[in-house]
Structure formats: C-alpha cells, structure tokens
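Input: structures, listed below.
Each of the two complexes below includes chain A, the first together with chain B, the second together with chain C.
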Partner chain A sequence: MSEKIKDRPGQSEMDRRDFLIRTAKMGVTVGVAAALGVFLHDPFGPRAPKEKPPVALPDFAVPRAGKKMAIATGADRIKTVNGAIQALGGMGSFVTKGDRVLIKVNGAFASPPSLCATTNPVLLAEVVRMCFLAGAATVAVTDNPINDPQSCFSLTGIAEAAKSSGAELILPEESLFTDMSAPGSQLIRDWPVFTGAFKGATKLIGMAPVKDHHRSGASMAMKNWYGFIGGRRNIFHQDIHTFIKDLAVMIKPTLVILDGTSTMVSNGPTGGSVSDLKQTNTMIVSTDQVAADSAGARLLGKTPRDLPFLVKAEQAGVGTSDFESLKPVRVTTG
Partner chain B sequence: MRRAGAVETSIGVFILILLVTIAGGVYLYGAFSPNGPYRHRSILSSMGSSVPSYLPGDLAPFGREQTFDSQTLADQIDGKADFYLSSGFVKLTVNRFARKTDAKSWIEVSVYDMRNPADAFSVYSLQKRKGSRPLELDGDISAYRTEDAIFFTAGPKYFEIISSARGLMDDMTILAKNLSKEQPRSAELKTESFFPRESLDQSTISLHIEDVFSFSGLDHVYTAIYTDRGCRVTAFISRRKDPKEARDMAAAYGKFLLQNGGTAAGEISEAPGSKIFKVFDTYEVVMHQGRFFAGTHEVDKLESAKEVALQVYHKLSETVK
Partner chain C sequence: MRITIVRRITQAFFFALFLWFCICATPGQIFFRLRGWPVNWFLQLDPLVALGSILTTRTLYAGLLWAVATVALTALLGRFFCGWVCPFGALHHLVGWIGWRARSVRERTAVNRYRDTQRIKYYVLLVLLAPALGGLALHLADSSRVDPLGIAAALAILAIAVAASKRADAKLRRPLSLLAGLAVVWASAGWFLKLDGVASSALMTGFLDPIPLVYRSVNLLFLPLADSSVHLVFAAQRHYETAFLTATLFLGALFLNLAIPRFYCRFVCPLGALYGLLGRYALWRVGKKPGKCSQCGLCGSRCEGGCDPAGAIRISECVLCLNCLDTCNDHLMGYNTFRSASGETLSPDLSRRGFVTSALCAVVAVPMLRLDGKLGRNYDPALIRPPGSLAEPDFLDRCIRCGQCARVCPTNVIQPDTLREGLESLWTPALNMRAGTSGCQKNCTACGEICPTAAIRPLSLDEKLGLGSFSQSGPIRIGTAFVDRGRCLPWAMNRPCIVCQENCPVSPKAIYVKESFAEVRNGRLEAASVSGTTVTFSGPALRAHRFETGDFFAAVQSGSLSERRRIVSNSGNSLTLEAGVSPRLVTAAGGKFTLQIRLQAPVVDPDRCIGCGVCEHECPVSGRRAIRVSAEGESRSRKHSLLLK
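Then we have the complex of A and B:
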C-alpha cells in the first residue's frame, strides 16, 4: 500500500519511498557534518606560533679589505665616486671576476631625481659600470618601495639607469619574501624579509643619499636596508633607532656608497623641493656602514650622539662612529 | 521527487549572481586598491583618470589617482607619515599630470585632507621652505613657491605641487590658482591675523599642535618672528576655549618656566596679568587677554621681549572688544 504524504497545498505529494530517501540523505548529511566537526575539532585551541630559529643572511664583506673609508669632494658624482673607490684600491678590491653583485638602492618614493630623495640614477649607472669593469658576471638592482615599485623605479630614473648599464632590476614580488628572525635582532622576529633578492648574490653594495628624516633624524646607508623588509613595516617607526641598528646587524655589505652631493637638510625623507637641499659636494665610500653614516651625519649638521641608531649600532659591534679612526682617504675632484 | 518551483529557482539564481558579484568586487579591489594584494601593478600603466577641471590645457593625467588613509600613508611618504598622523591627518589624494608633448615633464599634486583648517595650516607652516616666496592665490589663501614647487593651504586641506623638471612653474601656478578657487571659504577670522603687522615677517607664522616650547600641556600655538631694533623676537598666540582656560594656561606655563630654571623678572604694567621670566640668558613674557594666551619666547633682550609682547597685547585687546 502506498501512503501519500501531502505537503502544503499546491505542492506535489510525497510517497513513503520519497520520504525514506530524503530522511536517509538528511541523516547522511548531518552525520558527515558531525564527523567533519569532530575531525577538525582542536581540543587545545590556538597556540602561540612557533618562532623559527634565527637565520643569518650571507656576510658579503671582503675580509682582506678590512675597515676602510674614502671621502671625495666635488660636484660631479661620477668623478667623486671614481675618486673615492680608486682611493680604496679600486672596485677590483671588492668585486672580482664572476661575482654576482646586488646593489640596494633607495627607491622608496616615486619622485624625480632632482629632489634627491632616492638614489641618483647617474651615480647608479656609473657604479654598475664599475662593477662590470671589475669582472662582475651579473649586477642586480633592487629595493622594496611599499607603494607601487614599478612607478618608483620608473619615475626616479632607477629603472632606466639599471637597464642602460646592463643591470637586472629585481622587483619585490611577494614570492621573494620569507618570514625569518635575524640573529642578534631585537625586532626582526618572524618578519617578512626580502631574501629572494640575495639569491645567488656574492657581493652587496648599498647606495643611499644623505637625508634628513622626520622620525630617525637621518636616513643614510644603514636606514637604506629598510627596503629589505616587507609587511606593514611602518610599525617599526615606533622604535626606529633600535630597528635601524637591527638592520645594520642583519646586513653585512661589501661596501656602502653614501651620496652627499646634494644633502636633503629639511622636510625629509620625502623633501618636495630643491629648497630642501644643500649642496655639500661629498661622496662617502666605506666598508664600515656605521663610519659612513657618522661621516654623513656631519653633512646634516649632526654628530653620532644626535642619532641614537649610530650609538646602538656601534654598541652592537657593527662598526665605529669615530670614522676618523679609520683614517679616511680624502680626495678632491675637479 | 518534487522539482524546485519557479520562485525557488529564481532565489537560487539570485544568490549565485550575488556571490559572483562579490567575488568580482573582491578581485577588483585587490587589483586596483593601493591596499590590495596585487599592488605591484604599476599605476603608470593605467591612464584612466578623468581630466579635472583645474588642469591647464597642455597637461594630461599621468597614471591614476591614488588615495591613502591613516593605515597606508606610510606606504607613500614613509617616515614623514608620523608628522601628519600627529597633526590630524584624514586622507591623502595624489594625482600626476604630464605635458602632453613630453611625458618626462610631470607634476605631482598631493592633497592632504586634515581634521580642520588649523591642522592644515600647521602642517603647511611647519614645513615652510627657507628662501621661498609668497604666492598670490585666490582670496587670503596662505601659499608660497620655491624654484620647483608650490605649497598652499585652504580650509582643512594642505596642497603640495611638485615637479620633475624645470620650466613647469607657469603650469603649476595656473593649476594652483584653479585649484584654490574650488576650495570653500571660511568667514571665521584666523588666529594668525591677530599678530600685529609692524616688523612682522609674515612668512614665519607657524602653528604648533602639541608639546609647544617643550611644555606637554601646551597645544595649538601660533608663533611668528619679529625684528625689534635688530633683535629677533618670537611672539606667540593661542586661542583657548574661554578666558578662564587662557588664564589657567598662562599660570601653568609660568609655573613650568619656574620649574625649569626660570626666575620671575617683573611684569608689563600696561598689560594686566602679564609676567616676565628670565630663563637662563633669555626672556619670556607670558600674558592672557580674553580667550587668548600669548607672549614672547626666548628673546635675548628684555626691552624687545616687552615691546613686541605689548604690541601683541594691544592687538588682542582690539579683537576682544
């Protein structure tokens, strides 16, 4: 006998068979959902993430070069950078045949080269040329400007300088960042670092302009490593001096080139007008980033004591703020 | 088994369309928002901006408009973000425009929306470039230009117009004038207009938002530089909520000076309630008039400190009447 079960008026009738099939399906659905719930249930709840062990980035320093510095004066960047590097034994003392050189520029803003908020493109092209001349197999140029890297590299002239001189431009793609903790660092803990840029690199050169900085007092060679950091890195502005020290502990460059030809003495780090610049005609090249920044501080009318990150980095053993102790070679270019 | 009715089918299709629309919205946000995950797409590659009415004819939009809020401001201006965030920042809008005949000649217009006109004036005044020249814009808008840039403030907005190359100043000036005409006017008398004009360097008027003169209780203070018989004098005015707050602020600041090495050095008889303090080798005059807390700060010569303070007091007295 087939009993008919009626739904609401206007709906089709349901027989016993339909009813049993539907009930069975519902039972299976509820059962699967319950089993899934049991399977996914975590009786311990969320736990604190396990911090990965600290990983050191490669040490790019050339041991035989030691700690040295040259300060060249002059208005022509090509002459001053050649003069300073020549005074340190030439680019061949740092870059040798087959080296894969990574150049970290300051390309943080999409601003024109005339504002000197970013690495000067003419200077960059010259340093790339010098690297190739010394025997470098490849030269790559990189930075991580948070906002629209392509526009930053394009409008600063960095992209064109890299291309015209034969260097590769490494864009900060997300896949090139790795969460890591840096040994000896207080703040770089499980944080995205631009490690992909270092892949295969055998030498590292930092190139930064000398600038006033609203938060840290100055932006020079050590602050320039900020571009190797990803994520919402502006939170580190809360303890900017410790963070810059941490960067300097983490990054061990072959050489830093600090461009004080036109120093941004006000409204840094963005500037906005040539009125923020002062012609200081100085190019500083050093294997000691603390010494380079200490010399650069003078161009801003400051001493290392005015910039706590220099004191902290010196205390951490990164370098010396008494740059005169390195007996810098002074060069005057015509 | 019963088939779904027409109403149920319609509801199902509607839900599916809604889900597809939401998915599309999420993708578009990610692709085009500066906060989105696909932000490596260059803004210069898209030329979709509409032409604003303030744009001179030989310029065209160069890339699309970008906006930044308090969470993303540092992406655009890095370490300078804190300066704006502590001064009432609301929103930044950035547009670039290039010469139609030469894409390398471009200008960037940054419009900072601030909480109120005072905050906008503060960020304008505290970044004023040395050696800049005043620029005449619409009405009483505060503006100046340098060799390669224009800066001005109107209402609650602060404007920066910077350039990539020389030879763009004419276009920038036209743009600034057009842009300033579009800004709403305020009938309220500005506090900075209460500084007496005689021997005032108008370009030095600044507004300090907090921790003024290293005194954490002191905020929203206008300063201006005067020259009195060869002596540089910093005068200050702060409009408070009511006369009592002005009086209390004068008392609190005087106490602060005494706690930090200052000594009482008399008063100005023509300015009732005023007090003079000697702080190491400089002089401070502290006074109040109606809602205003005012005075002179760190002046080398006592006579100059008193003279300028008295001028300020008289001007405020006229205002209070």
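Then we have the complex of A and C:
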C-alpha cells in the first residue's frame, strides 16, 4: 500500500493511477481544511463578559425558632455558652438528628488564643460537642483567613479544637470558591464566594469574638462573614458598612454566638497584646445577627448609631438593632 | 549479590531519603512534617559547603561538621559519594542508563572514554572557590596590618604552601605554588587597594554545587508541580520566581546525559572535582589485578566516571560505580589496596595556563561584580532579606542558594531572588510580599532554624519579637513600610480604606490613622429647605444613594460655628441626616452645605514597624502596592538605619 501511494522516484512521467491518487489526497486535504474552517468560523469574536444572574445561598434559619436571644454573664465560656443556649431551648431546638452543621469561626489571624483575635478554641470544641449531642451527623469548621490559612488554624488552636471534638476542618482551597452575585446585594457581584464550604450543610452557626475595628467601628458576628469571601476582598473596605450589610443579607445563619468574654477594645482587629483586651464576661447567642451585634456593640462602648452597618442591615430587614425588643433571656453563671 | 546491585540499592535508598527530606520540610505536627527530620543532611555532608564557608567565615557552622565524615571517607575510599550517595548523581546515572542501554558496546566504550575536557570541572571548582579564598587572604592581610599574630599566620600559611609544593610531586607543585602566589596577590591587593566592600570575598559555590542545586530544583520546582493536584505537602499552590532558570540548569544537566552519560559529573561538577582531589590517596581504589588481560576494553563500556579503567586508570575521575568489576570477563578488575596493574594517573590534569587564567578570572570576578556598588550606597531597597539574615557582605559569604528557607517558609513569601543585584543575588532569598499568601509571620522563625549555613541566623521568638532579655534591643526589623501617598486610596483619591492599619500585627499598631473630613468633588450645595433631619437642595441633582455609605457627612459652617452630621440616605435633591442641624446656623451660613467624606489616612510609625509586609500583602491596590516595605531600618545593617537611636 505505502509503496503505491508514494511517488516513485526516478520515474519522470506520472501514470493515471498516480494522478488519481494524488488528486484524491489533495481533495481530502482541501475538504478537511474547508470543513474545519467553516465549522470553527466565528464571525463576531469574543463578546463582553455578562454578569451571571444572582444566586441565593441557602437559608439556614430554623423557622419555628423565630427571633430570639440570650445573654449569659460569666467568665467561663463553657458555662456561659451552655447557659445561653439552654435559655433558648437547648441546642436541640436548632440542630436536629442528621443535620450537617457548618461553623464559621473567625480564624483570620495567626495569633495564639490568649490574644482573643480569633474564635476561642475551647468554646469551639464545646459548641461542636453540643451539635453532636443534639444529633448532628457531621460538623465542619471553616474560614478563609487573612494570614496564611495553615498557620492561622494551627496557631489559633482552631485546628486542634476541631480535630479533638470530631469536626472536619475545611481549608479555603481555590476550587471551593465560585464567582457569583448575591440577590439584594449592592457590592457582592460576580465575586468569588466560598460556596464549597456550604456544600451539603443544613445548619450554619457563626462564632465570632467582639473586637475593635478602626474602619468599621467593630468586628463582630456580621463582619465575621467576610471570611466567606475570596479574591482581593480588601477593596470592599472602601464601602465597608454597605459591604457588611450585604454580607448579612447574603448569609442567613441558624445561630450566631458572639463571644464577649474578653473584648478586644483597642488595636483591633489584630490585637497582639493582652493589654488590648478587657474582661467583659458576656456571651451573646441569637438567631438575629443584627441584634447580637447591637448587644455586642455595648461591650465596646458603642451604640448601633455609631455603627452604620447595623442601621443599614436593619433597614434591609436582616434583623433588629433594638435587641431589647427580642426580650433577651439573661442568665448568670458562676 | 553483585556489588553493582548493592550500589543501585544504595543509590535508590539515598535518593528516596533525599526526596523524603524534601517532602518533610514543611512545619507541622504530622510525621511527614518538619519535626526533627534532618532535612539538611545532604547539604551538611557536602564538603564544598563546608570548605567554602570555612574560607569565607573561618568557622564551621553546626551540622556542617558532618562534612568531616565525608572528607574522611573520601580520603579512605575515593569518590564513593558520587557513585553511591549523591542524589543528583543518581539521577544522572539513571538518565544516562536509559539513554544508552540499547547502544552497542562499541558505542558505549567510545562515549565512556576519558576526555581531556573532563579537567574543566577542576577549573569550575577553582573559579567558584577562588573568591572565597580571596576573602581569607584578604583577612590575613588585613589582620597582619595590625596584628603580629596575623602576620605570623600569613607567613606560616605561605611557608606551608611552599614546603608542600616542594614535597609534592611535580604535577602538584605547580598548582600549589600558584595557589600560594594567588594568596599573595590577593593579600597585597587588600594591602594596597582600600576598596571597602569591593575587594572582598564571596561564596559562589552554590551556583553549581550539585547538592544545593538539587535541593532548590526539587524543592522549588518539582515538588510544587507534583503537589499542585494533591496538596499533601503544601496547603496551597506554591509559587517560586526564577523557575525558568532553575529548570533550565537542572533539566539541561539531565538531558546532557543523552549526549554523554554523567555529563555533569564528568565535566562540570565542582564537588566531584573536590572529591577527585581528596580521593587521590585513597587506600582502596579500582584497578586491575596482575594477570592475563585480554585487552577487550569491556571494562570501559559502562564506566560512569570516564576514568579509563583499561589503561592507566584516573583515580580522580573514578566515581566507584564498580561497573568494570561486572563487565570484566577475565575477573581482573577489583577494588584493591594495591596499584592497578595497568598503571594509575593520579592528579587532575591541569595546564598551567588554564589554572592561571581561571584563577585570575575568579579573583577579579568579585571586585568586578561588586563595582556596581550594590553592597554600598547603591543597595537595592526592595531587597528584603528574611528575619535574622546577616548584613549583606556576611550574608553573601554564607548563602549557598540551597533554597531551604524559601521551601520552609509557611507563607511562600521568601522567594529565590532574580538577578536584580547582579549575578550574586541569583537564588538568594528575598521577600516578595505580593507573591506569598501573607507577609512574614510574626511568630515564625522557621527560615533561620533551617538555614544550614547561618546566613540567616537562628532567632528565638523572644529575640525576633524583642521580648524578655531582648526588650532593650527591640524586635528584629526586616525593613520599614512606606505609604505611597500617590497611590493610597485615602491619601490620593479620597476613598476610605485603611486595610493596612487593620492588618498590622504589631501591638500597638505600627500604622495609625490621621482622621480628616475632605470635601467631595462638586460638594457645595445650597439648601432650599430644612425640615427636621431632611435637607432639600436646589441645583444639580445628586446621584441617589451615593452618600449613604456611612462615611459621608454634611457640614454647615458660619464663622467659628460649625455642625457636621452623618448622611443616612440621599435622593437626587435631598439628604437625610442622622440628626438635625440648628436652623439658626443654616440661616447664618446662607443655606450653604458642604458634602464631606470622613477619611482615615494611614501613617507608619517607623519606631514600631518591623517590616513584616503584611500591610503590603493586604493592600487593595493590587498592582504596585500603595504601602511597600523598603530595606531602610532593617536590623541587620546599621548603614541602612533610618531613625536616630
């Protein structure tokens, strides 16, 4: 075969057979080129990218729980968090059998737990324990920290707390982020969101410490959702109040736990010294994140009026800044 | 079991061990993390690292003592390291074997013959070591100026060199006396030319020393590539600059095995050259037993070193692959204490001209490289060395470019440097705040802990942070952050931001803010009516909702009286304020309002800044950052100090 379709060297004249074979091959080449050209032809070139339609994240609120709140006073986080959650009917009224709970901690900085810049690991382990006790099938802990994730989770004690209590740690891998727009959001448009963390989750608990924050006035439960955002998210600091409101509109948690046992009153949100902390012995648990933050603001000596993001979130219908209207249950633990 | 099988198993073992050490060099708690694994072991075994740093620093740092064992074993056994231990050698061996296994005996015998050009590696060794030697000579000259002991030491070394050259065989005498002459030239150069920072030593061996080379190539190139889909070693994708150069050298060296097996080992490797010199008097060496040799030449067909085992075997070239023991049909080849029956050639074959040329080139190379003044007034302020790095000349005396600091750095902020400070900065560590996952972490001292030569000296956390007994000297600073007011959002564009202030990890923060209220563009309005908290305007329409962010204020002023209220919401022609303004003041001001934005502009307190670069990393001006760390104020150099202390 190969002998025949080759031009035979040394033979100057082409015979008919050679001519036909050569013509056929030429025809196939032209045909394939033409077919490919027509098939792949794109007369317009690439068009301007279109923004995708907004996608809502799941609503993790438990409807029958309604809006309620408890404030526990005491120095021992395990006692206060138990006291507060019991006052709200126990973890069982939020987490039921088979639930897959996602806990969003504040693990933003690679600093030790003693500096209270991040979610307290003892408190975290206790909340995970309570979730499992209430029948949770799985508990996952996550954040997209500011400093190097690995260093953050190990230095803050969060990784160890998660591991020892049986929770899974979800690291902010790039593949877990998707570009999306959130409904009702002014600023979260076509921006990477940590959607992979929500996969399969049926309940969401936010756990944040109360901290001073120079730009926004305070970093509490609502600002903690910043860790669900990816990309060069720092540009949102230009309009931080609107952004925090957007976060609160986008994320609908089952519960927020705002830890004001030691409040970072200065040098926030990084802290870095125990002298930045003030013992305030307060644990706030609420289904209403705006109410929780409004109560937390007091620990920093602020009112909702000093924190425009609270006013904005209230206007957007996320919750109430008049937290007393929820008739918070107050408990004192020894 | 055949001896070559034992050799292959040994090579595989050491190569696997090397890979294991590469995998383990991540801080962490699991067993395959850095928790006591001697990840620097191959570097510490390397006598070229030891010798180089002895010449430049006159000390042998910590684990480098291992090199003594290698030297002793080499003196006893010959180049066992090349054929049995070296991970780079094992790779060359493998690639060469793959490339040549199907060729005929004739072809293999031809390619594995000894070539005169194999002497190039001795010149390479000389060129890389001479600058370090220059430093020693210079030091002796320097101290002899003031110190009679120094004069005595210099004279003694000279005398020893002369005596050694007299005793040594003819071929060695010449290089030795030349070496002594070289030392004299350097010493006198140091005496006459007071070129501080120009005529000095440098440790250049790391460019081609196979152990640092294979460490940086595997750790900073292949491991990040191999790990990118599994993330067992690194939590996130690692990025390293100079990947192209690293890859070109490494892969180039590997592919050359297809032209000539063990090309790098035979022609380039300075460590192999050093072993060749050390192994000259080895007690055991490969050679022919007396007996009837059929002169088939098969012993040379699989010779890894190209050492001519059939003829007068070149002991300095023999890498102890022991393939000749296998291939000899007459069973004459052996590893013996006696001389080969067909003779031996001992010394590396260096011509006087070649020796002088390369030595002189190397000696002038350092002053020439440093004529650019990069070590003095013309230093590059963007070059930020890891915390604990020595002052630049001392740093360059020690850094072997192994890349271990860049490998271990948890945030990937330590990068192998490019050619920005000339050849000498290539592959040395430099911080790039944009490349990593964060800046230099406050509570981390990994780079100084791992550095095998103390170019980055080990710091305790107390010393790094300036705590405890170090509170007087303060924290280690690697530079100082400077705000670029032409790019900073609040400073240049009246946009709120202060991400840098938020993220500054120092307590109290090294970045504080200057608060001000700036008038927005076209922000002068005339009120048509004021009722309660709502002010209605005439004139051009405002963009609805634009001033609702919580950062905008409306101010009214008359004389010394003024009131400022936060804007809660706005429509095209009205503002709703947080609280009302006094009607009297509005009337007095003629209804004139100004729209203002509250700005917090970042200011660096150089007294507190440690140069960690977290601010630079987080700055939302993502291209050329609006706050950048610059080398001024770095602890390691008094010459770069910024503040009066």
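FYI, the second predicted complex is superposed on the first by the 285 of 334 C-alpha atoms of A that agree within 3 Å, B and C clash if a C-alpha of one lies under 4 Å from a C-alpha of the other, contacts with A are read in each partner's own complex, and residues count from 1 in each chain.
What we mean here is this: a residue touches a chain if its C-beta (ideal position, glycine included) is under 8 Å from a C-beta of that chain, and two chains touch if they have at least 3 such contacts.
Since the structure is predicted, the reported quantities are computational estimates derived from the model, not experimental observations.
Visitor: Report clash or fit for the pair chain B and chain C bound to chain A in the combined superposed model.
Guide: Chain B and chain C clash in the superposed model.
Visitor: Of the partners chain B and chain C, which touch A:Asp276 in the superposed model: first, second, both, neither?
Guide: Both partners, chain B and chain C.
Visitor: With the two structures laid over each other on chain A, which partner does A:Ile188 touch: chain B (first), chain C (second), both, or neither?
Guide: Neither: A:Ile188 stays clear of chain B and chain C.
Visitor: Give one of first, second, both or neither to describe whether A:Asn267 is in contact with chain B, with chain C, with both, or with none.
Guide: Both chain B and chain C are touched by A:Asn267.
Visitor: Could you say whether A:Ser114 touches chain B, chain C, both of them, or neither, answering first, second, both or neither?
Guide: Only chain B is touched by A:Ser114; chain C is not.
Visitor: Does chain B (first) or chain C (second) touch A:Ser154, or do both, or does neither?
Guide: Both partners.
Visitor: For A:Met14, select first, second, both or neither according to whether it touches chain B, chain C, the two together, or no partner.
Guide: Once the two structures are laid over each other on A, A:Met14 reaches chain B alone.
Visitor: After the superposition on A, what does A:Ala70 contact: first (chain B), second (chain C), both or neither?
Guide: neither
Visitor: Looking at the overlay, which bit of chain C runs into chain B, 325-333, 559-567 or 577-585?
Guide: Only 559-567 shows clashing C-alpha atoms.
Visitor: Quick check on the output: what are the common chain A residues between the chain B footprint and the chain C footprint?
Guide: 109-112, 146-151, 154-155, 171, 173-174, 213-215, 234, 237, 240, 266-267, 269-270, 272-273, 275-276
Visitor: Mind listing the chain C positions that touch chain A in their complex?
Guide: The touching residues are 28-29, 231, 235-237, 410-411, 436-438, 441-444, 489, 495-499, 501-509, 513, 548-551, 566, 568, 578, 600, 614, 618-620, 622.
Visitor: Taking the complex as given, what residues does chain A use to touch chain B?
Guide: Chain A reaches chain B through residues 7, 11-12, 14, 18, 21, 108-112, 114-115, 146-151, 154-155, 171-174, 213-216, 219, 234, 237, 240, 266-270, 272-276.
Visitor: Quick one: in the complex, what on chain A touches chain C?
Guide: 109-112, 146-151, 154-155, 171, 173-174, 213-215, 232, 234-235, 237-242, 266-267, 269-273, 275-276, 305, 308-309, 311-312
Visitor: Would you mind writing out the residues of chain B in touch with chain A in their complex?
Guide: 1-3, 34, 37, 39-45, 63, 66, 72, 74-83, 106, 108, 127, 129-132, 146-149, 151, 160, 162-165
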